[in-house]
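Chain lettering (A, B and C) follows the sequence in which the chains are written, and residue indices restart at 1 in each chain.
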Amino acid sequence: MRTSRYIPYAIGAVVAVVFPFLSGVYTQQIATTTLLYLALAVTWDMILRSGQLSFGTSGFFGLGSYAAVLLFLRAGIDPLLTIVLGGAFAGVVALLVGLAVLRLRGMYFAIVTLASASIFAVVVRNIPQLTGGPEGMMLPSVIFGGDPGKTYWVALAVGALAVIASELSERSRVRLALTSIRNDERVAKSSGINVFWYLVFVFTLASAIQGIAGGAYAHVYGFVSPEGSFHLNFLLLPLAMALLGGIHTTWGPVIGALALGVLGEYLKLQIPYGHLLVYGGIIVIVTLFLPQGVVGAFRARVRQWQASRGVQ
Amino acid sequence: MTLLRTAAQKRSALVLVSLAILVLVAVWKPYALIEGAQRGGLYALIALPMALILGIVGIINLAHGEFMMLGAYFAYWMFRGAGMDPLVAMIPAIVVFGLLGVVTYTLTIRRALKAPELNQLLLTFGLAMMAAQFANLMWTSQPFKPSLMYVYSSMRLGRLSFGTYAFVYDAAAIVLLVGLLLFLRKTRLGQAALAVGQNPRGAKLVGIDVNRTYLVIFTISIALVGAIGAMFLTRHSVFPSVGSPYTMKSFCLIAMAGIGNLTGIVWGGFALGVAEALVMSFRGYGGWADVVFFAVLVAVIMVRSFRIRRQTA
Amino acid sequence: MRWGGFAGRVCRGRDRRGAHSKGGAGSMSVLAVHSVMKHFGGLVAVNGVSFELAEDEILGIIGPNGAGKTTLVNLISGLYLPNAGEILLGADDITFAPAHERCRLGVARTFQLVHPLQDLTARENIMVGALFGQRLPLRVARKKADEIGELLGLRATNRGVSNLTVLEVKKLEIGRALASDPKVLLLDEVMAGLNADETKAMIASVRAIHEHGVAVCVIEHVMSVIREMTDRVIVLNGGVLIAEGPYGTVSADPEVIAAYLGEER
């Protein structure tokens, strides 16, 4: 029966929504941060599915943060709206970068995105009249007055947005286009796929959502700064999460994010500052030994087991 | 311009234009020229070992700057622990980082060679993160710098008075360039490396041990960049994230010069250094200097992709 | 044969965006190549080649290695842009049209070195042609892919592509090209690696495809295939077209024989 497949999703959604009523403030705060990282991990993977490696998550995250805060402080726009507009701003910048660089792709694209975070930080640092310069800006109040349940729901919305965008692309012709481009660009091109357009589209969409996550983060913590908002952790953690969980799927990065979100808290208590070393180690180990991530390896095992039992 | 048809004509035009700009800058902003030359020397020096790996092994070492950072820390602790001058520490650095290069290659890089380019990028990125976080964990983010008297040497030239020590980077860059060119063209190992860089399969067919070549080149590169880190420390503080801008600027130089063009990296480093120094010489715009390399990188990519577009659809 | 219904679905309306229309070119020629030249740096790969492909013919392109055959196909399909000359698809000038647009207008090709899209199932491999070459909706594309798969004799298209035989992989390539509903199908050494029986089956498939409205160009090295399958042959050597005509005539041409250095099948 078709609908029975959606029951796990429905249950998960219900649990996610009523979560604040089931848990304490500390747990909700961890969940809030985890959900924002989850959005970054899923959208990073979306770009990866097109065959390109973007190191720009922290850059567009930071752009969204700054845009959201500036629109709130200077233009008095409603915080929730500024989060969306912050994402739009990040998307526009990503569009320009993509148009300029995506004809060359590969390592050129990867390094430009890697440099982009530092460059955005430099730009922001050097227009203090607008952005508050190296000290950054503080918000007079955080969103919803710091109510942990409501901020959790904002983060949940952002995470859900990323998951929905990812799933929509996975269940439509977009998946076939991106996979074809990733597997063999010449074949993709020769089969009618406008490669450049798809690459730019995915990069823009994913970066826009990363900007939305940044805007949400800025309003939740009430603070932006060149070092803080463009911090490398907003690149390091999502990558480790997506790789650990399993790339090229929606649920791999989700599982990786949930796992590392929890594990990260534990590690932070055990080895302060060392937990970041572990994330780097995860990236290295997964890249070398577990290319499909934990989810992928698990799925492969299941398939093997099914094959051995003669199940189709 | 249909006047510039042949490559030789284009090159002469480029040289003339560069000389003109050089003279202009020397007259207008002499300090920028001097400072730029010194910065450029450092950029070229750091970029050369990265170009070696990219050209021959075919991978970008995103952890390049981090190895330099570790080299600087090594020199610092040799200074604190044994009173060794960082320039002297370059020698043990070569040994230590040579070993580090061997270990890194054997444990990680070697396995990723057959993997797609993305995996290699991710791997070296992970290594870079590990190195930076390791440094942060061990030595915190506080900058360290030995105080050395000789870095303050200066001289007068007419009305100009400027520091002279930093020209050591230019000298080192030139020495390294010449050394690498001689190595690649005159020694058997170097020639084998060039062959592998151009055509690994063909090289294997003529009996060159490709894997050993990769190992040697990678090791040389890491050893060099570790020693360069020691040299770096004489004039700059070291802290965990000091290396990453240099990784990106090195790639920018390699992209500008073209993979395999080592001499071009030295010229490009000089040009980039002067451009940055020029930006810094304008009061109030100093902070924008770091944007220069990014603008150059994007420009180079756009020019190259335009050229490719004219060939293919 | 089941090809009847397939023919009806193959000949659909086509997307005419992007290319410029010229006044009536040759009445029955679906593809016209005029004085096309392509050089890579100092190397001239294709030097002033001109030929026309009629709707109702199968044209063979032969020539020794390095003669520029694949480059010519790349120029027609859009992976390269020519340095001189023009390429017309019916009345549309596609000389500088991007590859994906040419596919949508009706140029489909297979590749010499065949690598199926490994992260897609066999059916999805074929669907790609239908989805993007023809812009069909997902469900229709899936059905179309199944039909093509059945007609080409591919079974179990729901599986991955890593365990396919050489013949199945070739069929997959053709299936994907067919799914984009082409007017012109360019086959680049599609017989390579097939044994005698498989070659026969492939020839029959290509003929059947042709019989339902697709003009075909085949690059081949196997002369018996060329003799059997083609109506007309053009011969390239060193980037230049040195002979044109039915196989019998061309294979007796001394210049052609010299180009092959006495190679005769």
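Brief remarks on what is shown
What we mean here is this: a contact is a pair of C-beta atoms (placed from the backbone, for glycine too) under 8 Å apart; a residue touches a chain by one contact, two chains touch by 3 or more.
These figures come from a predicted structure and were not determined experimentally.
C-beta contact counts were set side by side for A-B and A-C; A-B has more.
Centrality by Cα centroid goes to chain A. Taking the CA centroid of chain C as reference, the farthest chain centroid is that of B.
Centre-to-centre separation of chain B and chain C, using mean CA positions: 48 Å.
Computed centre separation for the pair chain A/chain B is 32 angstrom, with centres defined by C-alpha atoms.
Between the Cα centres of chain A and chain C there is a gap of 42 Å. The multi-chain contact residues of chain A, meaning those touching 2 or more other chains, are 189. In chain C, the residues that reach two or more other chains under the touch definition are 78-79, 98-99. Shown for chain B are the residues in touch with two or more other chains, namely 313. Of all residues in chain B, only 60, 62, 108, 111-112, 115, 117-119, 121-123, 125-130, 132-134, 136-137, 241, 244-245, 248, 251, 255, 285, 287-288, 290-291, 293-294, 297-298, 301-302, 304-305, 308-309, 313 touch chain A in the complex they form. Considering their complex, residues 172-173, 176-177, 179-180, 182-184, 186-195, 248 of chain A touch chain C. Touching chain B in their complex are the following residues of chain C: 78-81, 96-99, 102. Taken in their complex, chain A has these residues touching chain B: 48, 51, 53, 55, 100-101, 103-104, 106-108, 110-112, 114-116, 118-119, 122-123, 125-126, 189, 232, 236, 239, 243, 273-274, 276-277, 279-284, 287-288, 291. Residues of chain B touching chain C in their complex: 310-313.
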